[in-house]
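Here is the structure we will look at.
A, B, C, D, E, F, G and H label the chains in the order they appear, each numbered from 1.
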C-alpha cells in the first residue's frame, strides 16, 4: 500500500488506522504487549482521580509517550457539562489536546446521548480541542457533528463490548457517502473480520478495546486486528469483484486434452 | 503466531494458508507480482495442450518452481474418467504428484459432481496421488472424501467466481467438527473479509483465484488476502469475545472525577 | 389469536397491526382495493393544498371514514416549526387528532432529524395531539420520545422506500426492552418476510407504503402483508424453538422395523 | 390469490403449500388441533412396528383420512435398501403410495446420504411410488433426483430441528432456476419468517415439524405457519419492490403548504 | 392569492362563498388566511380582501413509507 | 416372535386370528412374515408356526422435520 | 479533602509540596482546587487550607470500546 | 495430428526430435501417443508414423477459483 495511505485528521497523520484502548486487560504488561502487536499509534485513556494509596503502578509507565498518541476519553460522563469539564481536565494533564468525546445516556447499553454529545462538541471545538465524538450510526447526527467541527466522526458498529461487529453497514455506507472528515468505527468489533468489513466499507479507521483486551489471548488478537485492518483497507483500495449468483470457470476451455 | 502453526497435509508443510490460482489475470507479469504479494506457497495450474504456435510464452516461466508448489487441477472435466486421465497426465509432466480434483457437473454454476468426484478420488488415492477434491459444503460428502483418502477436503464457500463469500458457515462448521484432514475453503471468496471469516471458522486454509485475479488491482488484493488469512487464523487461535446484545463499559466507574 | 390481542395506544384499540399509506399507487382505485386486502384500520395521508383545478378527484372519496382511521403525516417538513404548523392544520380539517410526526433532515435519504422531531413532539403533545413520531432506530431517542409523551414510537427498519427490511434487529430489540408504549416499525419493509420479522421481534405493529404501493401487484402484496403481520405476531406469541447448529430426529428410534 | 394457485405433483393437487409432521407433539390431541390450525392437507408419518401392549392409542385415530393425505416417511433408514423396504411396507398398509424418502447418513446432524438417496429414488420410482426425496441443498443432486423421477425435490433449509431457517437461499435459488418439478423446503424452519422467506424465493411448498410441534404453543405456531406460507407465496406472486440503499419520499413535494 | 395562485375573488366575498364557488367541501379542508387559521364556524363571517393570502388545505395521497 | 417380542401364539393360528386377538385393525397395518410381505387378502390363509418371525407395521408419529 | 478522601495536610502547604509528599509526578496530573483548575506553574504558589477540596486527576486504563 | 492440429512430421521422427523441432522443453510436458502415455525416457525411442494422434500436454493458467 503506498506510503501515502495514512489516517489524517486535524493536521495529524498516522500510518496505522487502528486505535486501541487500555481497559479490561488482565494486566498492564499484557496491555503493553498487545499495543505493540496491534501496531496502533493512538491509545485511548480514561481521566480519573489519582489513586492515593500508590499500590497501583501508573498506566503511563506502560505507554511510551514517544510512540503513542494519547487520546483521553470522557467515559463515565452522562451530560455535556460533565464531558466538557472532563475534557478540560484531561487537557490540563498536558499530554494531549485530543478528546474522544463520549456522553453516555443509557448505562445498560452505553448508547450515546446525541443531543448532549452535539452540545459538548460545539463547546470543545470552540475551546480548541481536537474532538472525536463517539456516536451511533445515525447519518444525520454524523453530519451535524462534522458541521460542529468534529475532527472525525466515530459511529458505533454495535453496542460497546457486544462483539456484534458492524450491525448496520448500510448506515455506515450512507455516513461515508456524505462525510468530509474521517469516519472511524468505534465499538462493536468482536473479531478480526469485523474490523476488515469496517475498512472494506471505506471507513478510515477502527477503534476497539474489548475485542482485544477480553480475547483469550489479547496479544494474538491484537496482531490479528493489525492484519485485519490492513487487509480491509487494501481490499477497499484494490476494488473487489462484483457479487453474482454464480459465474464461469477461470480455465479457458479451448485447449482441453482429448482423453 | 508460533512458527509451528503451519498447514500440513500428506507429509507436506506450508507456512502460508493461502492457495492461489493462475487464471483470469490481465497478464503473466501481474500474476507473478500478485503471487509474490499473496505470500502463497501453493499455486494451482490447469492441464492443457501445449500451444503449438509459440506466440504465447509459457506460464511456467512466471512461477518459480523453487518457491511455489504446483497444484495441477482437473478443471474442465465432467466425468471421473476425464479427471483421472487428466490427473495422470499432469503427474507425467513430472512437477507434482498433487492434484486439485475437480469434476464439474453443471457448466452454468460449476457445481461439482460429488458422485463422480468420489469415484475419481478413490482411484487416484490408490494411484498414489495427493488428492485435494473440490466439493460443495455437504458434510456427508466431506466425510466420504476423507474416508476415501483425500489429503484435505475443499468445500466451496460459494459458487466459483461468485464472490459471495462463505454462504453457509453452518455447514463449514459441521464439516470442521468431524474432519480429521485439513479443510480448505475453495471458491466463493470475493474480498478480504470472506477469507478472514473462513479462517475464523477454523478452516485450515483458503484457495482463491477470481477474487484476486479479477480485482481492479490484483496485486493489492493479493496482499489484502495475505493479511486477511493471517488475521483470521490469529483471531481463531486468539479466541474471540462472546457476542452479547450489549455489554458494559471498560472503564471502572469508581474513581469518577467529582465535577 | 385471542380476540384480546389488539394494538392499543392513546385509548384507541385496533384489531389490525398493519398501518398503510396512500402514496405512489398507480391510481386511487387500486389503492382502495389494496387497503381492503391489507385489512388495515389506519391509513396515513399527507397534508397539502387543495388542488384548485378540480381535475383530480379527492383522495377522501376513496377512504371510507367509517372503516379507516386517518393518520395525517407531516411529510415534507424539515423543521419542528413546519411540522407543528402542518399538524395543527391537519387537525383543523377535523377528521383526526392523530399525527404521524415526520421531520426530515436529509432529502437524499429521508432520515429523520431527531432534534427537531423531539422538539415538535413536546409541543404537539402539550397541544393534545396523539403523536406518532417517525424516528431512526436509536434506543436513546426512542426513550426520549416516549418520555416526551409520544403515543407510540415508530423507528425505521431501513431508509424510506429502500425495501431493505429490518437492517438492525438488535436496535429494535433494545428499543422493545425499554419501551412502555407501542413500537411500530415505520419504513424499510420491502416484502412480506420483512413485516413478519418485525413482528417476531415483538414489535406492536408495522407501517408501510412503498412496499405495497410499488409492488407489481399492489393488491396481492397488500394481502401478503396482512398475512405476514398476523404470522409474525402469532409466531411471537407462540414462542419459537431455540436455534441450534443441528438437532435430533423427531422419530423415536425404538420401534424400527427389522428389515 | 387465484384459486388456480395450487401445489401440484404426480397428478395430485393441494390448496395448501404447507406440509406438516406428527412427531414431537406434547400429545395426539394438540397435534390434531395444530394440524387443524395449519390448514395443511398433507401429513407425514413414520413407519413402525405396532405397539403390542395397546396402552398407546393409534396415531391414525387423530388424522382424518378424508381430510389429510398421508405421507409415510422412511425416517430411521441409513441405507437405500432399508429405505426401499420401509417404503414398500408403508405402501402395504394401503393408505398411501407416496413416500417422503429419507436416507440419513449422519446420526448427529441427520444430513441425508445423497448417494443412497439417489439409488433408492431410482428403485422406488420404477416400483410406481410417488417419491419425495429429502436432500441437502446441492443443486446438482436436486437435478439428479428430478431426472431419476422424483415427483418433487425437498432440499433442507437447515439441519433437521435446528430452527436456523434457510441457511443458503442462494442454493435454493439455483435449484429453483433449473427445477421442472416442485421444490419443497424440508427441515430448518424455526419460525414464521423462515417459511415466508422460503416461499418468497419461489419454492412451491414448505415441510416442517419441529418448528410447530416444539413451539411453546404448537397450535398458535401452526396458525402462524399457515399465514406465513400464504404471505410468502402472495409476495412472490405480487413482485416485490427492488432493494436500494435509500429511495425518495412517497409524497409529491409540489403542493407543500406555505407555512 | 389562493394556494399560491392568483385568483379572481369578488372583494368582500366570504370564505364560504369562495369554497362554494370552487366547489370545495368545507368539511374536508382547513383554511389559513394570511398565515392565521380560520375556524370552520367563522367561514361565513370572514370576508376576503385584495392581497389576502389564503391557504386551503386538505388530505392527499402520500407521505408514508 | 412378533415385532421382536416373544408371544404365545396357538400353533396354526392365522394372521387374521392373531390380529383379532391383539385387537389390531388389519386395515391399518402391513404384515411381514419371515422377511416376506403378506398381502392382506392372504391374512386368513396364512397360518403361523413356532419360530416364525412376524412383523406388524403401522403408521406412527414422527420422522418429519 | 483530596480526591474525596480526608487527608492530613499541613495548613499552608503548597500543591507542589503535597504532590511531592504523595510522591505524584506533577507532569502527569491536573489539579482542581475547590472546583477551579490550577495551572501547573501555580502549584508552588498555591497553598492549601483546611476544608479545601482538592482533585488530582491523571490518565488511567479504561473508557474505550 | 498433434494436439488436434494436422502437422507435417517426417515419417519415423522421434518424439524427442519433434519436441526439439517445435522447440518445446521436454521437462515441462507429458506426451500421449494414440491415447497411451509415453514415459519421458522413451521419447527418443518412440518414432511417429502417419496417422498417429499425439497429445503434448503442459501446465497453463486457469482452473482454480
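The criterion applied here is as follows: a residue touches a chain if its C-beta (ideal position, glycine included) is under 8 Å from a C-beta of that chain, and two chains touch if they have at least 3 such contacts.
Given the structure is predicted, the values throughout are model-derived calculations rather than measurements.
Asks: Could you tell me which chains are in contact with chain A and with chain H alike?
Replies: Chains that touch both chain A and chain H, as defined above, are B.
Asks: Quick one: point me to the chain whose Cα centre is farthest from that of chain H.
Replies: Centre of mass proxy via C-alpha means gives E as farthest from chain H.
Asks: Which chain is most remote from chain B in terms of Cα centres?
Replies: Result for max centroid distance from chain B is chain E.
Asks: Between chain B and chain E, tell me the centre distance in angstrom, where each centre is the average of that chain's C-alpha atoms.
Replies: 73
Asks: Per the centroid of Cα atoms for each chain, what is the distance between chain C and chain G, given in Å?
Replies: Here the centre of chain G sits 56 Å away from the centre of chain C.
Asks: Measure off the straight-line distance from the CA centroid of chain B to the CA centroid of chain D, and report it in whole Å.
Replies: Here the centre of chain D sits 35 Å away from the centre of chain B.
Asks: Using mean CA coordinates as chain centres, what's the gap between chain A and chain G in Å?
Replies: 32
Asks: Show the residues in chain C shared as contacts by 2 or more other chains, in ascending order.
Replies: Answer for chain C, listing residues that touch two or more other chains: 21, 23-24, 46-49, 51, 73, 75-76, 89, 109-110, 159-162, 164, 170, 174, 209-210, 245-246, 249-252, 255, 257, 259.
Asks: By the touch rule stated above, which residues of chain H touch at least two different other chains?
Replies: 4, 32, 55, 57, 60-65 - these are the residues of chain H that touch more than one other chain.
Asks: Touching chain A in the complex: which residues of chain B?
Replies: 1, 21, 23-24, 46-49, 51, 73, 75-76, 81-82, 85-86, 89, 104, 108-110, 159-164, 190-193, 195-197, 200, 209-211, 213-218, 220-221, 223-228, 230-235, 237-253, 255-257, 259
Asks: In the complex, go through chain C and note every residue touching chain E.
Replies: So the residues of chain C in touch with chain E come to 19-25, 28, 31, 44-52, 54, 58-60, 70-76, 88-95, 100, 102, 110, 160-161, 186-188, 207-210.
Asks: Can you list the residues on chain H that touch chain B in the complex?
Replies: The contact residues of chain H facing chain B are 2-5, 7, 22-25, 27-32, 37, 39-40, 55-65.
Asks: Contact residues on chain A for chain D in the complex?
Replies: Chain A reaches chain D through residues 170, 173-174, 245-246.
Asks: Please output the residues of chain C touching chain A within their complex, sorted ascending.
Replies: On the chain C side, the touching residues are 105-106, 109, 111-115, 118, 136, 138-141, 143-144, 158-159, 162, 164, 167-168, 170-171, 174, 178.
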